[in-house]
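Several structures are given next for inspection.
Both of the next two complexes hold subunit A, though its partner changes from subunit B to subunit C.
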Partner chain A sequence: MNQAEVSKLVSQLKTKVNPRLRKFRSPKGPEGRLDRLRKTVTALVKHERLELNYPRADEARMYAERLISDAIRYGDCHKTTMEMADYWLVEKQCVHKLFKVLVPRYQNSTSSYTRLLSAPKPYPGTGDLRAVLELKGNPYPSLLPDTHTNRNLIHNVLLDEAKKVYRSKKYAEIASKIDAAEGANGVKEQKPDEGVPEAVEKEVEASDKKDSVDEVK
Partner chain B sequence: MTYPPKLRRLEDKGRECKIISTLDTMNTLGNITKPGNHFFKKSDYLLRRFLNNVTEESKRQNDLFITEYKRQKEAVGRIEKIDISYEKGSENITLVMNKNLSTPYDCAKHLGDSVRKKAVVALLNDESLWHMHKPLPGPCKLKFLHYHLPNPASVNKTFWRSCSFLLGAAISNAFKDDIQIVLHSFPSPNVKSGSFVYDVQLSLDNWTPSTSELKVLSIEMIKFCQQEHPIYCLDVDKDLALDIFKNNPHKTRQIPDIAANHGDKVTIFKAGLHVDISRGPMIPNTNHVGRITVANVIKLDTDIPEGPIYRFQGVSLPKAITLNHFAYGLLEDRAKILNTGRIPGSQGVDNEDNSFVARMTS
Partner chain C sequence: MLPVLTRNSITNVCKGLRRFSSALPKSDTEVSKLKTEKLKREILEFRHAYPEFLPDPKIEFRNKIREKLERNDMVARRTQVDIPEFYVGSILAVTSSDRHSGGKSNRFVGICIYRGGCGLRAEFILRNVIDHQGIEVLYQMYDPSLQKVEVLRLEKRLDDKLYYLRDALPEYSTFDPNMEAELMPEGAPVPVNPIKVKLKPRPWLERWERQNLQGVQDLELPEKFYIKAAQVATPWEKYDLMKEYMRTIPVEEQTEIFSEVQSKLQSLEIDRKKLKRKRVIVKPTKLA
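This part shows the complex of A and B:
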């Protein structure tokens, strides 16, 4: 039981880590591979959204995630982290961006920092898989369709109606509870007109929260 | 999961011999073709399974539909050209199509794959909804509607109606031979009610479906939709409609009413081998349907003399719209509650959804 917890030694990434690294054959050997990935990671930090071949995007994503999570974990006064940032970010102004822009942005993030989407293959083309790799919270317009602000879409209509039914059921439940309580108290004088609706509203809101949180997602 | 005893399963049926005869009759409308065609190889298994489930009745209905479809196509005679205008971004495109032959789907094919795949229902001259596989009767301004419009109410309704129709198709194949099923109708689609509905007469007394039975019904429907049947549409005369539905007492009663209100015509739809009356329009293909659940089956309190009527309820979403499983679970729970849509009775057989023929204003 004295074993150290691995998640405390290494940052736990929120993305899938491939069990085997891709080779990306290069005349320079493994170093050449890293050079290519450094270029991609730097470009990602600089431009925040890239379109590139899928294998490269997937591989670079892991390094970018690790770099950002280390930067958040250790901050800019940690020697090793700074060395890593210096290595992975070829353009040095990106190091400033990493610690001053990206770290505050992802400080309280509960999910991964990057998003990987598969992009359409051009036709006719080589048939390579294409992907879009982007930092979350970038200033560009979203690539995914917005499905939750438009309440007229079919699933939102259904969810809104389900919510209404749920609320009315809860109201009825609480009302019956209050009736029962009043019945038990008998002649005991109360101010039902003021106190009761407020309490009802609160309780329903609390039970509703679960639903609305999900809808936002 | 033990298999529900009332429902069919693949092993139950030894009707292999019937397949060969159906294959020849079915090649007209594209969805099933003779062996040797690439389509047959691709979904060989599905086809065999599908044809195993086919009853004599649906084959007869389907043959009548195909004959009429061919007849109407040949009756067009000399081909006339019509101009269909379509706005693509800012530029105006004019397509020269064939009168009474070309469908909005054909136009969509000219406009590219993305338009074709996205289109759910066509809008002619900004006013009338038009089924994608229904021939255009004259020059018009064409628009295609899809699920992500700012206000997709009519598309949602179209989708919901198609789901009811497909539920009917799934039900008519799902039960074993000793259980008699007669499809009754479905009320006007209402997405806000939380479920789509099909009312069916079953020769079962006080049946409450188990979870596994509902699951199997859902799977049947999913499988049916996965076969990617185009949904065809046809305006037929009252007599032919009566002939097609002669073994269905409920529909036979509904048809004269529908025809009386709409110039002796009845609109019928076909997906796979299933033929049904509906006002339309519907989605162009069953592959538009994404998640489907048959949520509940509830016995209705009606005065229809033939037998007990059950209300099949389900919930579904188009493939273009994805939803997380928790939120979808909420929708499934909601769909279990009895839908308050119009309950069929022996009086007033005129069903709202069945009493209208899609017709372009001339």
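This part shows the complex of A and C:
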């Protein structure tokens, strides 16, 4: 039976929180565990993308999220938050980065501040799970495959079909126009104007271009 | 002559217009924003007076439906028995029915040395010295045998738990059972009693020198006790952000919980204030 502590207010984390913390056995005991984690958190703030073993990445992620959420909630004039930043960021230039770069970046964010992706295991290797931990909005190219231009996505398939239908409709319309023109000129037995189909072609192309702009990206 | 408009002056004029056009609706939204922020802060203030409405932060014990049902039951119980705001260090008088003698009740006056538990299992311990014998009674806050809870002196102490009163000189936990309730001005902040307690010499129930107590006078121990205390101290634990997170309930959840029970608790508080006003102030009598 515990009662919740009410002396300090904390924001809800937007990532999954593990039910219990990992021990990371170390000769220095629980202090050594925090030392390892703060090395990782400092590196994350400094480099914005890391590849490391999965358990450490998962654990360090929670601490990084907490640090950033506290920095957003309380700002740099709050003594306890500053002490925390001073402890967790071993390299002191990172403290400036936290309050001046990361806080404005994530101020209005509705999702988590970090991203954890599983990385391939090297072969032959120890078989440890690897992971990539990164801050969102980092300047590096994305690690996730670009699925936006995938033609097989259902909305792109549907758009393509719609385009086909539109085209066939337009062609039918043009054909009927030409027929009508021919019918009118049939008595005079004149050849149809060659300028009309060219203009029609252009029109169809233009409408195609419009569609491709609307295409889901 | 037409005034010459430079690019700067044009942009300034444009900016001015924009500012003017956006000033009216912005101020409105800002005012409403400030209002909601203030309301949120007020709602969050409930956490000090009603900590037992927050669920157990331990993730294994969480069950949202059960917590909600318990909160409903707690509010229902509070409409039957007036449980006023109190803190560790306040002096309380509790009247409860005695299950060993039907139809009779007991009244116990003492200082609250612990307040804990959450939901319907919330509890507190009262301590007093009666006939040179230290007495402690643990009361379940939502126990149906509880008939009346009075706060005789509303104050806080420097520590969250006052277990060290067990090893302190008896004068620090002796309170007159016929004590009158002290009236406080309305809306005043809860005073903190900065009293420093003198402990009896060892042996003690706990190793008080290792607990970083604020409300205790110098312990007068040999140096080796302090050396050992420094060895076993865990000063890094306060930096463990996740442990801290797992001991609390996040703000978003607290706001949700307290905005759910807020209106009922406030109406109960208003009823209590009305009763207080009705009560006739009795001239204080000299205590034994």
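Basically, the second predicted complex is superposed on the first by the 142 of 217 C-alpha atoms of A that agree within 3 Å, B and C clash if a C-alpha of one lies under 4 Å from a C-alpha of the other, contacts with A are read in each partner's own complex, and residues count from 1 in each chain.
As a convention for this text, contacts are C-beta pairs under 8 Å (C-beta built on N, C-alpha and C of every residue); 3 or more make two chains touch, one makes a residue touch a chain.
As the structure is a computational prediction, the values presented were derived from the model and not from experiment.
K.L.:
Of the partners subunit B and subunit C, which touch A:W88 in the superposed model: first, second, both, neither?
P.N.:
Touch partner of A:W88: subunit C, not subunit B.
K.L.:
State whether A:T110 touches subunit B only (first), subunit C only (second), both chains, or neither.
P.N.:
Neither partner.
K.L.:
Touching A:E31 in the superposition: subunit B (first), subunit C (second), both, neither?
P.N.:
A:E31 sits against subunit C, while subunit B stays out of touch.
K.L.:
Output check: A:Y63 vs subunit B and subunit C. Expected answer is one of first, second, both, neither. What do you get?
P.N.:
second
K.L.:
I'd like to know which partner A:K8 touches here: subunit B for first, subunit C for second, both or neither.
P.N.:
It touches subunit C, and subunit B stays clear.
K.L.:
By residue count, which of the two partners contacts subunit A more extensively, subunit B or subunit C?
P.N.:
C
K.L.:
After superposition on the shared chain, which partner residues are touched by A:P19: those of subunit B (first), subunit C (second), both, or neither?
P.N.:
The answer is second: A:P19 touches subunit C but not subunit B.
K.L.:
With the two structures laid over each other on chain A, which partner does A:T149 touch: subunit B (first), subunit C (second), both, or neither?
P.N.:
Once the two structures are laid over each other on A, A:T149 reaches no partner at all.
K.L.:
Which part of subunit B faces subunit A closely enough to touch in the complex?
P.N.:
147-153, 155-156, 159, 191-194, 315, 317-318, 321-324, 326-327, 330-331, 333-334, 337
K.L.:
So in the complex, the part of subunit A that touches subunit B is made up of which residues?
P.N.:
Residues of subunit A touching subunit B: 145, 147, 150, 152-155, 157-159, 161-162, 165-166, 211, 214-215, 217.
K.L.:
Considering only the defined contacts, which subunit A positions touch subunit C in the complex?
P.N.:
On the subunit A side, the touching residues are 1-6, 8-13, 17, 19, 21, 30-31, 34, 62-63, 66-67, 70, 84, 87-88.
K.L.:
Note which residues of subunit C are touching subunit A in the complex, please.
P.N.:
Against subunit A, subunit C makes touches at 44, 47-48, 51-52, 54-60, 115-118, 121-122, 234, 236-237, 239-254.
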